[in-house]
Amino acid sequence: MMGVVDKIKELDGAKITIQRENRIFVDVDKDRVIGTLYSLKLMGFHQLSVQNVVDRIKDGKFEIFYVLYSHEYKINVIVRTWVDRDNPVIETADKIYPSAHTWEREISEMFGIKVEGNEDCGKPFILENWKDIPPMRKDFDSVKYSSEHFVFRHSEGENE
Amino acid sequence: MNKSYELFIGPNHPGIPGNFSLKIELEGDTVVSAKGDPGYLHRAFEKAMEGRYYIQNLALIPRICVPEPDINEAAYAMAVEDLMGVEIPERAKYIRTIVLELARVANYTMWLGGLAGTLGLYTLAQWSIGDRDYALDLFSDICGARVYHMYIWPGGVRRDLTPGWEDSVLSYIRYLKNRLIDYDNIFLKNVMFKYRTKGIAVVTKEQAIEWGATGPILKAAGVAQDVRKDDPYAAYEYLDFEIPTLTDGDSWSRAMIRRWELENSLNMIEQAIKKMPKKGPVCAKMPNPLKGYVPEGETYAKVESARGEHGFYMVSDGTGKPYRVAVRGASHTHMFTIAEKVLVGQRLADVSHTLVSLDICPPEIDR
Amino acid sequence: MVKMILIAIGAPLVAFAIGLSFMMIKRKIVARIQRRYGPTIIQPIYDVLKLLVKEDNISHGVIFSLGPIIAIAGSILAVFFIPMAGFSMLTGSGDLIALLYIMAIGSLGMALGAGDSANPNASIGISRALTLMFGYDLPLVIIVISVALQYHTTNLSDIVAAQANGNWTLWTLPLSAIVGFVVTYGALGEHPFDIVTAPHEVATGPMVEYGGKHLGFLMISHAFHIYIEIALFVDLFLGGASNILIFYLKMFAVFFIMIMFDEVLPRFKIDDAVRFYWKWPTVVALISLIIVLVK
Amino acid sequence: MNIKEYEKGSFLKPLASVKYLFKKPHTVRYPQEEKPVADRYRGLHINDLDKCIGCGNCRDICPCAAISMEDPSNVRPIDINKKGANPVRPKVDYGRCSFCALCVEMCPTGSLKMSKDLIYTSPDADAFAWIPREEQGREPGFVQDNEITPLMLEAEEMEELEPDVRKKSFEEMILGFSEEQARREAMRCLGCGICMQGCPAHMKIPEYIQAIFDGDNEKSVKYMLEDNVLPGICGRICTHRCQDDCVYQYRGDPIHIMWLKRFATDQLEDYKSVNIEKMPSTGKRVAVIGGGPSGLSAAYHLTTMGHSVTIYEQRSRAGGALATGIPLYRLPIYELDKEIGNIESMGVEIKLNTKIGEDVKFEDLLNEYDAVYLAIGLSYGRSINLKGEEHPNVVQAIDFLRQVKIEGRRDITKHVIVIGGGNVAMDVARTVARLQEINYGSKDTTVETVSLEDWDIMPASQEEIDGALEEGVIFNPAWGPNQVILDENGNIKGLEVKKVKHVFDENHRFNPAFYEDQKKIIYGDYIVESVGQMYNFSFIPEEMLNKLEFTPRRKVWVDEYGETSIPGVFAGGDIVETSRGDAISAIANGHRAAIGIDRYLHGKK
Amino acid sequence: MERMTEEQVKTIANMLRKRSLWMIHYCTGCGAMELPPTMTSRYDMERFGLAPYVTSRQADILLITGYLNVKTLRRVITVYEQMLDPKYVIGFGSCALNGGVYWDSYAVIKQLDRYIPADLYIAGCMPRPEAIISAFRHLMELIDSGKADGYKRYKRNLAYYKENQRKVLG
């Protein structure tokens, strides 16, 4: 068990935070993500549970995280990386984790992040005819959008 | 003349489990490509959660997965508790376990009916959904609603059990165990069932691991992975249960795994009721929800749903509202990574049955 | 002459009534097996009448609308060929063969109409229907031949007459009777042979674009269909009947057993169904034929 | 589970299911048959409109924005003058409601419930919003539970000195919140603002509590100073009517609003960092007679409005009753200095030791200044014409307290009787207890109170009574003083009292009656009378005093801006206040008068 | 035989319609979760002649089971227009009325009756089977009395509905 944690600690250019016995955060540079994911997969982290984005609007960054799991060691490794909000481009991980393909489609639609190497990104996925800024970004105001596009009902009467 | 032609299954189609669309390309009767089209149930949960207090999200989270809402509540509560460092009372752990397992039972019973429905055996669908209804009434007794329980919340559970509820559960379990014999007779031991499901939609062990499968798909392929065992939450560490595995990875094996787990769940509820402390608090003291804040941090809480690993990745910025909640539904991977590949080469008649066999839950994908 | 006209009007009505009554009873029985009460007994009548009063505002063309009409017409024609409680309208040598042809008209009518609706589900459904027909027709033809050979006639009335005094074909040719039962299943599209309409697969197949009056006609045609298939079976294997009540009871017995199987079996895939028909029923039918020939 | 059994597959086993053809279905034939609804069912709401206080917590917690607060008068009249309540009631839009019942959990009064009824259909989309009420006849289902609730019902424990420790000195007995405690207590606040109605000064309580919760004490104090110029003092001695209105009272402990206020002010050395904005000078001059809370309040607010203000105070220390009446263990001198220092730093001039009528003529003030504010307070004790009260050892409470607090008196006799049951009587009794402890170590000493009122109607606050009891004060409730009994040496031997029949007559007017035959003697050698105070208008010339109108209860009549019947003369403080006459009321009507004077000076009258 | 008046024909037609209501098997939202129990053995709505049917052509009732996503709305409108007259719409639960718990969501429409006419609404989130059955019985009454005329309104105010639809669908 300890062996794999030591191996994770030796990953190049990664900042390791051990939050719990079975939950490890690995922070890496944007350029190293794919390499790190590949090394982790070789170590036995076969399952990509979730890949998604946190919009750190104050820092002007998107935080992209990959939650990995190993059937062997029963450990969750969470790989995090940051990209610029103004020019958000990441490299696809679907060659390493096939399930990343769809997660990337989702984040590219919901956050407007460009995923290089994933040909499906940019095609409409969940949304249809979306014209506003990507909705999951922090600067998108959902309440404002819905009050502009839809009409709320104001029931005046006391009708029961 | 074009050899292949396209067919939309869904969103308005009985063969699709929920409001979801599947575009398949057929050559004769054989699928040559399948593409899922989600978004019909997209309600922007993750966005809505960012605008609400932690406790207000209680009204939202059960709606992420309708057939089995409790897993969402549990995962959400666990994420918040993890960030706050709250330990929930012992009795609450057991109550959570019972509720979660009962929800699993309800889900599997309905799932059996659904699978039978896709194969044209409506009798079992009528039976099992009717029998599931008793479980919903049991939920209603303790939390006041049949479907959206909003019962598990950060800190524990919302109310103590009502007097005599355990007995009602036990008698329901006895009833269901008797009914399972009938289910087996009409469906699972039916020669036609075997005929229709053996060797269909095979996901081998290697594929399952490579594609990131979880839950029954992985178990049916021969990997004994289960969050309840690997990273025990609620009271699972005190319970004695085994993870069933089979090796074929076909539709039949998955049905069997679920049938097996259904029985396991029933036994676990019995165990939990026996072991549960008879008295004690069921909810830890929590801060005022309108002001109460959760310390800054990030966490990933996961539970075992009926479909596989269900997780909440939660980021808090130290205010009263979550900064970001990302939901991992098992169906996301199961649909796009697995079903799209597995469907290729299937006959049209098996499409809807394959989807149900992989247990695709569209609200979990769309969120 | 007047009598002939009365029969011409009456026979289809009686056939329809019997078919409809079976539809009613089926829903009740099915409901009971499914542990519920089911609709009121006359629910199918409401359904049909309601469909007929629906405002039909969509059409896919003449053939589309003609489909259900052809289906009903074919069914009514077939009714005249089947001896009902001792008498039948059109009898003559070879009516059994003619009947086999006429019975296909209903399906063809539906195929025509549904094909015109340009819905892939309908097309698939129709191709399934024709394939299935192709499947069950082979054993059907074989058993019809064996029965014809047994009684040295292709006149249904004669076949019925030959079975008088309880000397039913069921007892003399049990293997053929079993195959006949299985074939009737397929012809009626009951489980496990409801491949044509399979809602989870092709969304009711040929009927997918039909609604309102058209669907009403299709339901009426289905009522005839039930009557024809079961009446044929009763005539061929259960010795027909001299009186309408006994005829009805015999039909009901057959239908009841069918429902039992109908409610507990999942459906076949279409290729499996054809394979199935060409395998066991065909083999058994052939054995039965050989037995007849040897005798 | 035996997998092998399943692998075989059977053709006949399914047929076993046909048996259900002959069994009774398990269908619930609704509507002929009905299934019982769970006791905790979360259905349509029920609200007891009389119990409901319209606080709006349900609206705030609703995740669906389904609840709006509306005036229910067109569906049912409610008591709009109900104390501690808003005249609105929740209206639920069932086009929003998600039936989560968080509103029920959060309802502070428990008036809101959910019923077992959730069957409602209508073709009219607008018929799905109404004000839920009990008359709709729904059966209660989901109700709140005090054991498990998202509300923090228990207040933070306030640390105070133990009775035997605090009796030894005049040190402040309430220790104040630690930062952690204050944040936890502040966290409890729901922000409904019902308390603001209870507060005579209508302080922005939710805002300043929120600021405390956020850790921004400057902001918090700034909010306080908007309505209350003496927040630190009020944080110690206020009668905290806000807490009486706090919505937590129905299910748990009210929030310690007063102590939160004290916490925030204690964190600041002075209020300079708060940065109060001052309006440009108007050149108008205002005289304030009396340096008590009301005068200080009016002076401060007038100064911020740009007027120049002079306070005339007859004693050597500003603060009025705060300076002279409140014992040290409740209000230390340095706190008073800090607050008055703040007021002076704003530019208020305070002339101490200046008695109107003697040092300065009232008429001169009227001529010299643009407006005069009268806030002289009730600075003279009221006697009850007790037989023998002319004895030198029978003193007035107000004098006694002043002697102890300002003049440094520390001597006391061994057996003291305090007449009265109000807060001042408690202050006297507890001061005496301390003096006795200091002088005699509490050996063979007694301090007894005599009050007309019985326990249940005693005017003193419960905290004070409890504190006094802890410090060994003996109570004689429902006894009325009859006469002072002297011994042969002319020293006081005791007080003869008679049993009270009733204090108020059937018209609820103060009209005590006694059982003349039930008498007893309370032994003691020193008597402090604490039955009320009165004002003295002798400095006002006769002809002017005649013009001054009074209310039937002998208070000065003022209009809604604090102006008396003499133009340009405003009044406030205890001479106006008809209610309990506490500091916060004085501060509040000081503020009111400041606004009135400002209007007067701008000629807006 | 005397010819029946138009009124009588209508009455008989309505009587038939209310006794045989076929609902389309389209789960637009989570409110559909209580439909299986209603349809199956425990509540058995077939008792009232209600049955799920597969395609829009065959069905009489369209159930908007809860919220309507904009993407689904497009399909729902198609389905509704494909249905044959007379057709009825029931809005389930809070979401169909005023957005429900998704009132602030950018993806969910708030008022069903701006896009297609609804004949009846059910309160609840989600309505329990008893409520659904009550709603069907209420709808039957409305049909009987000829008040369920949503399809006529749709025809009459087509421009209004189309305008609203265009606004959200783009």
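Read from first to last, the chains carry the letters A, B, C, D and E; within each, the first residue is number 1.
Keep in mind that, in the parts below, a contact is a pair of C-beta atoms (placed from the backbone, for glycine too) under 8 Å apart; a residue touches a chain by one contact, two chains touch by 3 or more.
What you are looking at is a predicted structure, and each value in this text was computed from that prediction instead of being measured.
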Query = Chains in contact with chain B and with chain E: which ones?
reply = A, C, D
Key: Contacts common to chain B and chain D (chain labels)   = A, C, E
Request  = Using the touch rule from the top, point out the two chains with the most contacting C-beta pairs.
outcome  = B-D
Inquiry  = Going by C-alpha centres, which chain would you call the most central?
reply    = B
Key: Most widely separated chain from chain E, with each centre as the mean of CA atoms   = D
Query = For chain A, which other chain has the most distant CA centre?
reply = C
Inquiry  = So the centre of each chain is just the mean of its C-alpha atoms; given that, what is the distance between chain A and chain E in Å?
reply    = 39
Ask   = Once you find the CA centre of chain A and the CA centre of chain C, what distance in Å lies between them?
value = 58
Request  = Averaging only over C-alpha atoms, locate the centres of chain A and chain D and give their separation in whole Å.
outcome  = 53
Ask   = Where the centres are mean C-alpha positions, what is the separation of chain A from chain B, in Å?
value = 23
Query = Of all the residues in chain E, which ones touch at least 2 other chains?
reply = 25, 40-44, 47, 54-56, 71, 97-99, 101, 103-108, 111, 125, 128
Remark   = Listed in rising order, chain C residues that touch 2 or more other chains are 31, 33-37, 199, 203, 263-265
Task = Indicate the residues of chain B shared as contacts by at least two other chains.
result = 13-14, 39, 42, 44, 47-48, 51, 59-60, 123, 126-127, 130, 148, 186-187, 190, 193, 195, 366
Note = So the touching chain pairs work out to A-B, A-D, A-E, B-C, B-D, B-E, C-D, C-E, D-E
Note = In the complex, chain D touches chain E at residues 25-31, 34-35, 44, 63-66, 93-99, 118-125, 128
Key: chain B - residues contacting chain C, complex   = 5-7, 13-15, 29, 116-123, 126-127, 130, 186-187, 190, 192-193, 195-196, 347-353
Note = So, in the complex, the side of chain B touching chain A is made of residues 38-39, 42, 44, 46-48, 50-51, 209-212, 214, 223, 225, 230-231, 298-300, 302, 309, 311, 313, 315, 323-324, 326-328, 332-333, 335-337, 366
Query = Quick one: in the complex, what on chain C touches chain E?
reply = 27, 31, 34-40, 43, 46-47, 49-50, 53-58, 199, 203-204, 207-212, 215
Complex contacts: residues of chain B adjacent to chain E = 11-14, 18-19, 39-44, 47-48, 51, 59-60, 63, 66-67, 110, 113, 125-127, 129-130, 132-133, 136, 146-148, 363, 366
